[in-house]
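The same chain A turns up in both complexes below, where it pairs with chain B and then with chain C.
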Partner chain A sequence: MNALSLMTSCLTLGSTDPHPNVTPSVLYGLGWLYLILFAMNSVWTWRSFHRGRHFRLPKFMGGMEMPNAVVWAMYSMALLLVSVTHLTCASVPEALRWFVMPDGAKAAIDFAVADARRYFAVTTFGFIGMLLLRNWLAKPSVGWVLLNLSLLFLCVSLTDWDFRQIVGKPDNVPIVAMLFIVGFFTWLFFYRANENDRRAALGKGPIEAENNEKVLTWPDLVYTEMICMIAVTALLILWGIALQAPLEEPASAVKTPNPSKAPWYFLGLQEMLVYYDPWLAGVVFPSVILGGMMAIPYIDFNKLGNGYYTFNERKFAITTFMFGFLPLWVGMIILGTFLRGPNWNVFGIYEFWDVHKLEALNNVNLSEYFWYGLGQPLPMAPAGSDFWTQAPYILLREFVGFVAIGVYLGVLPMVMAMTVFKKFFLRMGFLRFMVFSNLVLMMAALPLKMVLRWAVNLKYFVAIPEWFFNV
Partner chain B sequence: MSVGDYIRDSQIWKSIFRHPAPYDRRNRVVVMLTNFFLHLHPVSIKQQGIALSYTWCMGGITFFLFLVETITGVLLMFYYRPTLEWAFNDILALRDVTTLGIMREIHRWGAHAMVITVWLHMYRVFLTGSYKPPREFNWVVGVILLKLTLLLSFTGYLLPWDQLAIWAITVGSNMARATPVLGHEGPGFQFLNLGGYDLITNASDARFLLLGSRFVGEETLNRFYILHCVAIPLAVSGLIAIHFWRVRKDGGISQPL
Partner chain C sequence: MSEPKPSTADILAKIRAAKPSVGSDAPAPATETPTAEAAAPKVAPAAKPGSTGDILAAIRAQGAKSGAPAAPATEAPKTTAAPKPAAPKLGSTADILAAIRAAKGGAAAGPASDAPTAKAAPAAKSASVPASSGAKLSVEEMLKAVRGEKSAETTAIVSPTTPVKPALPPIPVKPPSAKDKKAGTDRRSFVAICFTPLFFAFALMAATSLNWLLALARFMFPNVLVEPPTKFKIGPASDYPLGGVSTKWLAARGVWIVHTDQYKGQNLIYALASVCTHLGCTPNWLEGEQKYKCPCHGSGFYINGVNFEGPAPRPLERVGIKLASDGQLEVDKSVKFQEEMGQWADSNSFVDGTLA
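Take a look at the complex of A and B:
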C-alpha cells in the first residue's frame, strides 16, 4: 500500500488501518517540531548575518556575491512555511504528502540497519570516517548542517507508524535524546581539540592555558551552578508533565514478553549474549570492562594532553576509548533498543515487529570444523562414564580452541610487543604491557567473534556445554 | 531602613550567616570559607577550568540529579510499599490519583538523565586526560561511582512491579547464574562440592544471593528495595564525599599542568 492511499484510507474512512502512518495529531505535533527548527535556524541566520561571510553564485546564476545569511534565511522561511502547513492542514494529509519519508528511502535505510553485520559495518565505518574528516566535521557550519539533517530525518521518519512505535516509547525517549547529546559533545570535543592541535603546530600552548587567571568562585562558579540547577529542575518538571513514566500490566511470572529486554543501559551487554555465553557476556566481560577502565590511568604512560583537549597528542588513547564508547557501547544500545525485536531478531527502523520473522541459525563450533575437516568424528567418551574418564576426551575434542585462545591472549601480545606496539612495550615494561594488551584483545574479542560468526558461522571457539564452558 | 536590611540586621539572620552578604571582594572570599555547602569549592578558581565548553558541567549535574533522586525518592518512600500486594497498586495510584504523583515521573526521568550525565562526565574526563597523574585514583573512584549509578537504576527498575520491571530484572539477573564457580550454571561450579554433593545449586548460588529466591519474587522486591533506598545510596554518598575531597586534594579542577 503506498503512503498516499494509506493516508486517505485512515482519514476518510475513519481509521480503518490499525497502523496508520500519518494521523492528524502526528502531523500537528510535527508542525511544532518544524516550528522549533525554524526558531533554531532563525537564530543561526542572525548569527550568520552578523558574521558577514559571503559566497559567490555560480556563473550561470549571475556570479554575484551573496551573504551566507541569505541561504539560511531562505531555509528558515521554508521551515516556517512547512510548519504552518502542518499546523493548519493537519486534517488534510494529502496536502502534506511531500513531507513523509519516501518508501524507497525507508527500504534503503532498513536494508542498511536491519542486519547486525551491516549495522556494525555502518557504525564502524562511520566512526572511522568521523576520525578522518574531523577537521571538516568540527566546523560550526558543518555541525549545524548535520544537526539540521538529523532533525529533519527524525521529523520525516516520525510519519512512519513502526518508527514511532520504537522511538516514542517513553523509556526510549531519553535514548533518542542521548544520541543527540553524545553527538553534540563529540562534536564539541573535536572543535576544541582541533583548535589546540592547530595551536600546537604553531608552537603555542593549549587555549586552556591562555587567559587563565584565577577568579572568585562566588560569583563566577556558584552562579553557573545555580543556573544549571534551575535549568535541570525545569527540564525534569516539563519532561515529567509531558511524558508519563511507563507502567505496563502487573507483573506476571508466566507471561514472558517477546522480546524480553534488560534496562536500556545494559542492552550493550545483552547484545554480547548473541556472541558469547552468559558467563562471559554477563559476568566476565563486564568485570573486565570495569577493571580495564580503572586500569586506564596506570596503563596510559603518555604525559601529554593532561587537562586540555587534544587529539593529535593522544591519538591511540582517544581512538581506542571512543571506539569502545561510541560504536561498541552506545552503538550496541541503539541496536538493542531500536532494532532488536521479537525472538531477538534484528528489524529495520521502519519495519513491523513480526513475531514470525525467521532467521536461519546454523552455527558451527571450531572443534567441529577441525575434526570433521580431518574427516573424523568428534572424540567422545563411552556412554555413562564418570567425570574423570570424560575429561580427557572433552579436552582432546576442544584442544584447537584452547590453543587458539592461548595464542590469542598469550602469544599475540608477544608478537605485538615486537612489532606494532614495540614503543609501548619499551615504555611500559612486561607486566603493564601484558595487562594492556590483554585488555585491548578482550575489547577486540566482541568484534572478532561478530566477524567470525558472519564470515564462517562460528559458534564457539571452545564448546564444552557439559561444564557450561563455552567461549 | 528597608525590610531587607531589617532582616539582615536581625540576630536570627546573623546567627545563620556569620558575615555580611557577599557584595564585596572580602565577603565573597569569606562566604566560601564559612558556608558549609560552599566550602566544597576553593575560594578562587582558574577561569578556563570553569568554562562550560571545557567542563560540560556533567559531574555537577550528575551530583545534582543524585540530590533530586534522593529527595523525590524519600517522598515516594512515604507512599510506596514494597510488597506483592501493594507495590503495583501504589505506583498505579501515584500515576492516577495521588497529589504530586509527578514525583515518580521526575524520579524516573531523573534516573535516566543521571545515567547519561555520568557517562558524559566520564567521557569529558577521559577526553581532557584528567585521569592522568595526579588524579589516577579519583578516576578509579569515579568508575566505581559509575557502576553504582547503573546499579541504583537497575535496582529501582524492579520496584513498580509491572511486566517491564520483572522481566528486565529477570533478564539482567539471569547472568548471575552463569557466574564462574559461584553460579549453578557457570563453569567450574562442580569444584565446590562436599562428598559428591554440589554446594552450588539454584538455591545457593550468586543469583540466589542477588534475588533472595530462585526467581524474581517478593524476597527480590524486598532485597532490591533495601539496596535501592538504603545500601547503594549510602555507599554512593560516601564515595561522592571521597570523590569531591580528592578533586580538591589532587590539584583542584582539571587544567593544563
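Take a look at the complex of A and C:
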C-alpha cells in the first residue's frame, strides 16, 4: 500500500468530520509501531527463554510447569497479528475498531488530568506509590511490562485526533522521548539502588566496590565518547530532515500565539508563574533552585551513598530531590506541554482545544480575605496622598501576609528544629539548618501555593501592586 | 639544655637571639670550612652543648678528622682572608648547611670558595641562599651526623664517598633581583613603560572599547524612529457604542477602545493598552465571555480592564485619550494611567461616554 492509495481511500471514505479520529494513514503508521513492539518483545522472549524461568499453570489448566517465555511468545505473536491487521486493513477503519481507545477510558483519563489539582494529586500519589513499590517496580520484567503498557497506551491513544495534535506536534516530540528517558533512568536508579540495599542487608559492600576495575581514558573512554558523539550527530541530522522545524508567522508585538508556551524545559517555570509573581517565579525561585543545588554538598551531613547507588542509606535526600524533580519539575513540564491549552486553561489529553472553554479562576488576595472577613473595607490612604502617607496604609493592609511569610520562613524552621528535624538540627548546627530548612520550605512553597490557589482561590499572600511587590 | 626537648624552631630562635648580627654578616659561609678545625674546640664546650650549632661544629670537626677530601683544605689559604672568625657566625641555618656541605666535600665547597677571591659580597649571598633552600633535606643529615658523633666508626657517613649522600650539584648563582638594584641606570621610568608595545596595545584596546561604548550609547537615541507616532486619531466617539470593545486599533497600535459603564458606574470611553500586567503578553478580547484573557498564564480582566483571574496583579493600563478640536478622539500612547495608583481618576485617561 502506498501513500497515493492511502490518500484515495481517505477521500473515498468521504468522512465529513474535520477532526477524524482514525484515518488510513494513522492506522498504517500504527501498524509499523506495533511491528516495532513485536520486534522488541521477540528479543525479550528470547532472553526469557535463555534465562529459563518457569511458572506453574493453575490447577484447572492442567497444573504443569511452563517456561515464562511461552507467555512472552504469545504476547509477541498477538502484537504481530495486530500489526499485520493494521498494515493490511488500514483502509477499512471499521475493521480496526477494537484497537482504538474506548470513549469511556478517554473520559476517565480526561477527568483525572484535565484539572490541575487532580493532576497534581495523581502525580504526587504516583510518586509516593513509586517509592513504596520500588522493590517490585525495579524488577526487570516489571519494568518491561511498564514500558510495554506505556507504548500500548501511546498506540491506542494515537487513534484520537486531539491526542495526535498535541503529542505529534514537532515541538513536543522531544518531550515524549524525554518521558521515556526519565522513566528509564528512574527505573535504572531503583534497580541498582535495590541491588546495593539488598547487599547491604546481607553485610556486603556495594557492587560498585567489587567491580571497580579501572579502564583507560585512552582509548576506552575517548572511543566511547566519540561513538556517542557520532551517534547523536547522526540522530540529530535524521531528526532535522524528518521533522520540519515548527516555524510560525513573523513575530508581532501585538499578537501573542494562543496558547503561548515557553521552551519545553522552561514550562515548569511558566507553570510556577501562574501562581507567583514574575519577580519571584522568574527570578528568585530559579536562583534559589540553582543556589540550593550548589549548597547541597555543604548541607548534606550523610556520608553514606558516596560513589554507589543506594536508596535506604539516603532516604531523605533522595526522596526530597526526587519530589522536586519528578512531580514538581518534570510533572510541571508535562502539565505545561500536554495539558495547557488556549488561554492557559487545562485540557484533557483527548479534549478539543476550545478557545472558549470557561474556567472560573476568580482569585482573592489574603488581605482581602482578612479585612473583608472582619467586615471592614481595605485600609486605603486618602486619594491623592503622597508616598509617605500611603506607605503605612499599604503596610497595614498587607500585614497579615507579611506575618504569614515571617512565620513561614522564620518561625517554622525553629519549630521544625524542635520537632521533626531535631536530629538534623543537632547534626547541622544553627546556620546550616536555617539554610537547609529555608530551601526545603521554599521548595514546598510552590505546591503549597498551588493547593491554596485551588482550594481557596488565594491569589497573593502579599499584594502590593503599587510597588510591584507581590508574593 | 634548659628545655627538655626543644623544637627546631626553638633552637633556631635561640641561636638567632644569641647572635643577632648573623644575617648581616658579609663573609662567605664557605670560608668557614677551612677554619672549622680551629673553631670546633671553641664552640664545643660552649653554653648550649645540645644546640644544632654545637652538633654541627662537632660534625665539622669530625668531618675534617675523618679524612674529608683535601680540596677544602688546600683552598684554605685563599679564604682565610675572612675578616671575622667563623665560629660566632655559626648560628643561621644557612651557615649550618654550608658547613655540612663543606664538610662533605669539595663538590659543594669548590665553587663557593672560589668565589670570594673574585667578589666577596655577592658570593656570600650566592652561597647562603641555595643553602637555606636545602634546609629541609639537612635534618636527616643532621641526625646522621649526631649518630656519627656517638660512634667514631660511623663518621664515614658524612664523608662524600658514602652512597647515601649523593654529591650536591654546584650551588647556582642567585640571579640579581630587581629589588637589589638601586634606583638609577636601568630602571624603567614611567615614560619608558608608556612606550612599551604591551602598554600601547592595551591603550589601543581601551580606546577602541570606549568608542564602541559611545557608539552603543548613541545607538539608543536614533535619528529616526520607525514606529507609528504615539498620538493618533481614532475617529468620532460615535464609532464606539456603549458596551463595546473595539479591536480596530489592536494590530496597528496595541490599544483597545472601550466604551463601558462598568467602572464605578460612569459612562466612559477610554483606551486600554493591550499589555498584560503580569508578564507583558497580548491578551485576547473574548466577546462571548466579555473578558480579556491572556494566553501566557491565563490572566483574565473584566471589560473595564480590572483584573479578576489568574496571576495578573493589577488592572490593564489606560493610555491618554481626549477629544480633539476636529471632533475626533485622539489617543496618546506616550502617557499611562494605572488604576492601582489612583490615576484612572485623571481626566486625561478617559472621555465622557455620552459623546457617543
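One rule holds in what follows: the second predicted complex is superposed on the first by the 447 of 471 C-alpha atoms of A that agree within 3 Å, B and C clash if a C-alpha of one lies under 4 Å from a C-alpha of the other, contacts with A are read in each partner's own complex, and residues count from 1 in each chain.
In this text, a residue touches a chain if its C-beta (ideal position, glycine included) is under 8 Å from a C-beta of that chain, and two chains touch if they have at least 3 such contacts.
These figures come from a predicted structure and were not determined experimentally.
Enquirer: Once chain A of both complexes is superposed, is A:Arg192 in touch with chain B (first), chain C (second), both, or neither?
Expert: A:Arg192 contacts chain B only, not chain C.
Enquirer: With both complexes superposed on chain A, which partner does A:Val274 reach: first (chain B), second (chain C), both or neither?
Expert: A:Val274 sits against chain C, while chain B stays out of touch.
Enquirer: In the superposed arrangement, does A:Thr224 touch chain B (first), chain C (second), both or neither?
Expert: A:Thr224 contacts chain B only, not chain C.
Enquirer: For A:Ala201, select first, second, both or neither according to whether it touches chain B, chain C, the two together, or no partner.
Expert: neither
Enquirer: Thinking of the overlay built on chain A, is A:Tyr265 touched by chain B (first), by chain C (second), by both, or by neither?
Expert: A:Tyr265: touches chain B, not chain C.
Enquirer: Just chain B (first), just chain C (second), both, or neither: which does A:Leu431 touch?
Expert: neither
Enquirer: More residues of chain A in touch with chain C or with chain B?
Expert: Comparing touch counts on chain A for chain B and chain C gives B.
Enquirer: Which chain A residues are contacted by chain C in one complex and by chain B in the other?
Expert: In chain A, positions 252-253, 255-257, 260, 270, 277-278, 282, 468 sit in both the chain B and chain C interfaces.
Enquirer: Given the complex with chain A, which residues does chain C contribute to the contact?
Expert: 250-254, 274, 277-279, 281-284, 286, 288-289, 293-298, 300, 308-311, 313-314, 340-342, 345
Enquirer: Which bits of chain B are touching chain A when the two form their complex?
Expert: 22, 25, 28-29, 31-32, 38, 41-50, 52-54, 56-57, 60-61, 64-65, 68, 88, 91-92, 95, 102, 104-110, 112-113, 115-116, 119-120, 123-124, 126-133, 135-136, 139-140, 143-144, 147, 150, 153-154, 157, 160-168, 170-172, 174-180, 183, 185-190, 215-217, 254-257
Enquirer: So in the complex, the part of chain A that touches chain C is made up of which residues?
Expert: 252-260, 270, 273-278, 282, 342-345, 355-356, 358-363, 383-384, 459-460, 463, 465-466, 468, 470
Enquirer: Please give the residue numbers of chain A that touch chain B in the complex, ascending.
Expert: 171, 174, 177-178, 181-182, 185, 188-189, 192-193, 205-222, 224-225, 228-229, 232-233, 236-237, 239-241, 243-253, 255-257, 260-263, 265-266, 269-270, 277-279, 281-284, 290, 293-294, 296-298, 300, 303-310, 314, 317-318, 321, 325, 387, 464, 467-469
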